[in-house]
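Chain naming follows the written order as A, B, C, D, E and F, and within any one chain the residues start at number 1.
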Amino acid sequence: MKKIEAVIRPTKFEDVKSALEAIGMVSMTVSEVKGRGEQKGVRQQWRGAEYVADFFPKTRIEMVVPDEKVDEVIAVIREAAQTGQIGDGKIFVIPVERVVRVRTGEEGEAALR
Amino acid sequence: MYVRKNILALLVVACLGLCAVPVLAADPDGTATLEEDPGKALDFIWVLVCGFMVMFMQAGFSMVETGFTRAKNAANIMMKNLMDFSVGALAYWAVGFAVMYGTMEGMNWLFGWSGFFLLGDAYDVTTIESWFFQMVFAATAATIVSGSVSERCKFSTYVIASAVITAVIYPVYGHWVWGGGWLAGLGALDFAGSGVVHSVGGWLALAGALLLGPRIGKYAKDGTPRAIPGHSVTLGILGVFVLWFGWYGFNCGSTLNADSLRIAVIAANTTLSAAAALVTAMLATWAWHGKPDVSMSGNAAIGGLVAITAGCAWVNPQLSVLIGIVAGLLVVVGVWFLDWVIHVDDPVGAIAVHGFNGAWGLLALGLFADGTYGGVTGLLYGNAGFFGVQALSVAVSFAWAFGTGLILFGIMKAVIGIRVSAAEELQGLDIGEHGMSAYPNFVATEHATEVKR
Amino acid sequence: MYVRKNILALLVVACLGLCAVPVLAADPDGTATLEEDPGKALDFIWVLVCGFMVMFMQAGFSMVETGFTRAKNAANIMMKNLMDFSVGALAYWAVGFAVMYGTMEGMNWLFGWSGFFLLGDAYDVTTIESWFFQMVFAATAATIVSGSVSERCKFSTYVIASAVITAVIYPVYGHWVWGGGWLAGLGALDFAGSGVVHSVGGWLALAGALLLGPRIGKYAKDGTPRAIPGHSVTLGILGVFVLWFGWYGFNCGSTLNADSLRIAVIAANTTLSAAAALVTAMLATWAWHGKPDVSMSGNAAIGGLVAITAGCAWVNPQLSVLIGIVAGLLVVVGVWFLDWVIHVDDPVGAIAVHGFNGAWGLLALGLFADGTYGGVTGLLYGNAGFFGVQALSVAVSFAWAFGTGLILFGIMKAVIGIRVSAAEELQGLDIGEHGMSAYPNFVATEHATEVKR
Amino acid sequence: MYVRKNILALLVVACLGLCAVPVLAADPDGTATLEEDPGKALDFIWVLVCGFMVMFMQAGFSMVETGFTRAKNAANIMMKNLMDFSVGALAYWAVGFAVMYGTMEGMNWLFGWSGFFLLGDAYDVTTIESWFFQMVFAATAATIVSGSVSERCKFSTYVIASAVITAVIYPVYGHWVWGGGWLAGLGALDFAGSGVVHSVGGWLALAGALLLGPRIGKYAKDGTPRAIPGHSVTLGILGVFVLWFGWYGFNCGSTLNADSLRIAVIAANTTLSAAAALVTAMLATWAWHGKPDVSMSGNAAIGGLVAITAGCAWVNPQLSVLIGIVAGLLVVVGVWFLDWVIHVDDPVGAIAVHGFNGAWGLLALGLFADGTYGGVTGLLYGNAGFFGVQALSVAVSFAWAFGTGLILFGIMKAVIGIRVSAAEELQGLDIGEHGMSAYPNFVATEHATEVKR
Amino acid sequence: MKKIEAVIRPTKFEDVKSALEAIGMVSMTVSEVKGRGEQKGVRQQWRGAEYVADFFPKTRIEMVVPDEKVDEVIAVIREAAQTGQIGDGKIFVIPVERVVRVRTGEEGEAALR
Amino acid sequence: MKKIEAVIRPTKFEDVKSALEAIGMVSMTVSEVKGRGEQKGVRQQWRGAEYVADFFPKTRIEMVVPDEKVDEVIAVIREAAQTGQIGDGKIFVIPVERVVRVRTGEEGEAALR
């Protein structure tokens, strides 16, 4: 099993969510993060002092999926989250050794859905 | 702790003492006063309603201050505002009013000395009506300081400052102009307090901010100021609206009685100056920084209100617009000047708004009074002498308020310290001073900012 | 759903019925009244403006309540406050006013019975002016309960409670004191309602909180109370300022006409009591817990306002300060007592603020009235009998309001239930009662807290 | 930038020009006026205090608008509200008042043409008192539009719209009804402005919302509306309370003098209509959606206030309740109708609240005026002709305001564009229009929502 | 060493915390997330438009623990967080290669407590 | 590639950010968390009831970096984030199997910057 961590634009979240639903991937954990990469900051101002808010709000989606689903999920996220502009985000794949469902105690892939 | 208990004990004893005093009074129920002049009923209602509105400005000040500073200091700021109004009311009751409006044989040009604790002859409806209206003004002067010292000043220090300001510093200058003191003798005027209330507050704020030094992180090593955005523009602007509303009481109520229809002109002038200042600052920041700046525009509206306060009864609508335009520019330039040139860190712009514009208000009155009301005429209409007196009044208010402010904060700095520790400041004064968070149900963050290069 | 539709239908039918009623009236346009007494114009303006300010206190109550409770219940709390004012106004229009200020041959010592729906003779400017001012007071009594039952009381239950309180419970005691009932006959006094409005509200709040039981997680297994911090100290203190402002209308407007200059003294007393209470609570919590407590100080200011309300016209400024000092201590000790000793969970301190201080206000009037106004003299000035009547009034208000409160909430508990499910309470009443979140754009958290060991 | 500097320069020059004007005036200090009619003192105080309260409604509008929209646009919304009041005050000073209340030989049925800049004869206490009260009304009409165009309208466009509305569109219809124009000639009435202020504002809002189109994401591909919850129900409902408070000034102050005791009835009617509307909407949404809807109930209260505004002086309390009930339903159904049927995206419900209920208010007056005040009698009491005129007034206000609104926004759309870019809209107008965030210290999120299927 | 990521109900957080304390596991990092899995959304409404807020607030606990503690920690979390209702959450185990304590520079298990 | 997760004091975030910039490490994802370890809670009070807010606000920085950068990044973070007081935080290193750039689809180290 792998954990797929996708850091995407908040405005693309709805699209990604729907696209993943369409391939039956519903389970996920989402959090609000700030990030930066190549994307340059937004110039903001406060009382005449300009400043660069060099971190952008991003939405992070974390999904633990069976190994064989990884490629498909990545492809789907990429397609839905892409705008072609700098700042579209990254997808990381991280190994997961165990999964336990709190409610039932099921382990492994059975616990995933 | 020991000291605090003592203070408490003293307060209790003092109050019990006061109760023992037999009821000596002039006209405490008002029947005689009303019989003499039935018009007093309307006067009282007018002045009291206006006074209520001025009291409500405290809510406005607290919203502006908390909205334009960081979430980690929000509870401390609300507490300061509650406290300075309360301590101010008590101090003005005990001492301030006696100094400002009391009389003292021979020394009256300098300060008054009668009517402490509203006892004796001061237990009189007319005196107490006056006390009420003047008390809300005194508290306004005190609360202005809160803004400029926010996010780093020790709470205990600020308690003392509030008491001293409302008991002594504000009343003395107030006596000079409104209490029959020497400036009044020279002919200095200030209708509703651009000078007496706002510039005194503003210069005290300057002294406080100067002695405290800037907030950690405010200036880069090379002195470039960094932006420290406020945590709720919504509440900050709500505060501007509340202040604007209360200001009608501030200016119109300063007729002190109900028999002048000029109040309509005062209300109009107040509106137009604030509106012009806001629009000016909006356009100026738009032109200068590319976008209309919200917090600066809000500040400018308050600046416009401050500037019209001295002259509101004596100028005409079109000149009020002009006064407002200058006020708006003064806020934009003043904030920039303090921040970029002399590096005084004034988180909410109190010095530019109240200090600079308070001074401008006194001068504007000296320039623009058009002679249609009370025969007050300014330079533009040929009365150079009056303008000179107003300029003197500006200088005096600065010397007095900034001077005593330096002394007050200077002594406290030497004796008990005026600034919280760096660790406390970084963590926020809500935790450090009050052991709490203002917003425990929201995930907090601090803007990662870097200065434009 | 069925029941609701019926209620709606009934309301519509009732109203249409009312319209059919031919226009019977006393003096609905006021010309005759004004001719008889031209001074009425000023009276009306005074009382109405003060009434507007009292209405605005609803905003203050809602801010205090929502600020001092958790974010997950914020929308529910705002809705409760909107609803209780609205239901209160309608219930007081339909029934409450008739019970409180109506007359009934022979039974008038107990309650009134005329003027329902402001129909017939009650369609009269003087009657309706009185209705308006009394209605905003009735709604105040109702809204006090909201605070103590918050974060766990079913919304539907609270709707019914609001209606019953403003239609019956509040008006009956009100009739006894203000409507010519038996307590008034004995000489009991209450200038602006420490007892009639606040202690009635406070004791009802006690009954409600008692029957509801504490919020989940409020008490550890051993009974130690846990802190459940409010979600916005900023809004809570804004509410304190709004209440303070509105209170000037509450107290000064209670002259009910404009021909007493004593209103200046009332305004001063109101200010000084609140200020003294705040400073006292600030110092007391500072001494006790090591830091000045913001929400407690805010509560104390309201407590000081409650306590001065009964006597505001009859005591003098220095005794007002004393009343405030006691009020401040009463809030600090009262909140502690309810929380730590008798384990009644009152999220916003309504019982200590309105109940305890309402009672204290009635007693303080009996103690301290100084005889300078209307000849009212208290124990300190030699009138022990009056103090006795006031003490009786305290007991009666407790017996009546707490008793009927137990019955009201008791019946509802038995019949329809008064508390939301544990799951709903944990998730928050915004979702459960209204299907929404108050702050959908902010990431929420709940403070992970553990009790001091 | 170039254009902006020019505007600034022009403003400065214009103002300096105005100063040079010699002081020509009627009675600028009011002594003569007061001597003639000493009752004026009370009139002025009444009208001004009510005017202050109306001004404070700006705070209410800003809170409702910002509370019911998303956090990413909060600063922009506050700025719009500050700006529209300021620009409105200046435009009404320069032009609007002259058009609305000025006179013009021969053309007076259409519009007025005297008193620009309050110069000359208009420098008179009576005229300026009137200006002040009318100015706060004009600004109200302008600010209504803000709500319906929020979260997508360019700031620069909105500045222009505010100026045009307060300088021309509002004053012309206002002249027809209140300034002695042709509708007044036909006998059309509108006590405090259901039509003049609210329906005009509401129909302009409709035009703006229509030409702007819905916010991104508001409608699914099949046209089903999606919920876009507001970011602070707490502040939104605070705004409702502020509006309700200010409305007493709006309605009661519209007597324009202090010699009618009917103001008590006005205050009562205002309360009852709002309360009935709120309770109706609460029950209606409860029945319809299973839970009482908070924001809809808040809107309904405002709707009830709008609906009673035209008739508040001429109907009786029981019919006020009926007017409120209909208003409440009209808000619930109107919001649904706009959203689900004609797909106009009105984020805060301005069109249903002010447009629909403004029209209903005019009709209700024509139906229900009971003849007890000023001899105004409606259809229910036998005066069909008056109802006809009121219906005409409804049609005219729609034709005028919606028509000019389409022209105004249409021209701007063609010439400078009225809508921000999609990217800016998604990111929020705070960043795009003002380069800032309203809440930098809180972690933001957007509700992940999907429509009910 | 492993990182245990438990996504649980916010209302169960206090219990889980205490239970972990009881076995001496005090150190952890906590964040507020939103998630969905089998749990159906809550129906909400805004001005008449009903919508399903299909993500639920969840609390995520992250603890890095020595390998031999993993089973115990999982068992304790499960017991404390379980309600038996859908939405109880998941526990993921992820390998951790290094741990450094910022203050001292200690590495490995020494850095954990 | 490794993911470096550093949990640090919020007040040290600016310094860490600048220090990382100085060695050319700009890309990162940041989130607000609460944590506890050895650090004892802050005593707070609410209406007379004292309580210990036993979790402290912390800032979490996540950076995915090539293997050879790990030591350098850790050293830099440590140096910048250290105050020597308890509560300075921890750095965890977690294996990452794949990285994808949403915008371009690039994978591996190419996707990192």
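Note that in this section a residue touches a chain if its C-beta (ideal position, glycine included) is under 8 Å from a C-beta of that chain, and two chains touch if they have at least 3 such contacts.
Remember, it's a predicted structure, so these values are computed and weren't measured experimentally.
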Chain labels contacting chain A and also chain F: B, E
Centroid spacing, where centroids are CA-atom means, of chain D and chain E in whole angstrom: 51
Averaged-CA centre spacing for the pair chain D and chain A, given as whole angstrom: 44
Centre-to-centre distance between chain E and chain A (centres being mean Cα positions), rounded to whole Å: 18
Where chain A touches two or more other chains at once, by residue number: 30-32, 34, 43-46, 50, 53, 55, 94-95
Multi-chain contact residues (two or more partners), chain B: 42, 45, 49, 229-230, 232, 289, 291, 293, 295, 435-437, 439, 442-448
Chains touching one another, given as label pairs in label order: A-B, A-D, A-E, A-F, B-C, B-D, B-F, C-D, C-E, C-F, D-E, E-F
In the complex with chain E, residue positions of chain C that touch it: 217, 426-427, 431, 435-437, 443-446, 448
Interface residues, chain C side, partner chain D - complex: 1, 4-5, 7-8, 11-12, 15-16, 18-19, 21, 23, 25, 28-30, 33-34, 40-42, 44-45, 48-49, 51-52, 55-56, 58-59, 62-63, 66, 74-76, 78-79, 81-83, 85-87, 89-90, 93, 117-119, 123, 125-126, 128-129, 131-132, 135, 155, 232, 235, 430, 433-443
Contact set on chain C toward chain B in their complex: 42, 45-46, 49, 53, 70-72, 229-234, 236-238, 240-242, 244-245, 248-249, 252, 258-265, 267-268, 271-272, 274-276, 278-280, 282-284, 286-287, 289-295, 297-298, 301, 316-319, 321-322, 325, 368, 370-374, 380-381, 439, 442-447
In the complex with chain C, residue positions of chain E that touch it: 10-11, 13-14, 17, 30, 32, 42-46, 50, 53, 57
Chain F partner contacts - residues on chain A that touch it in the complex: 2, 6-8, 31-38, 55, 58, 60, 70, 74, 77-78, 81-95
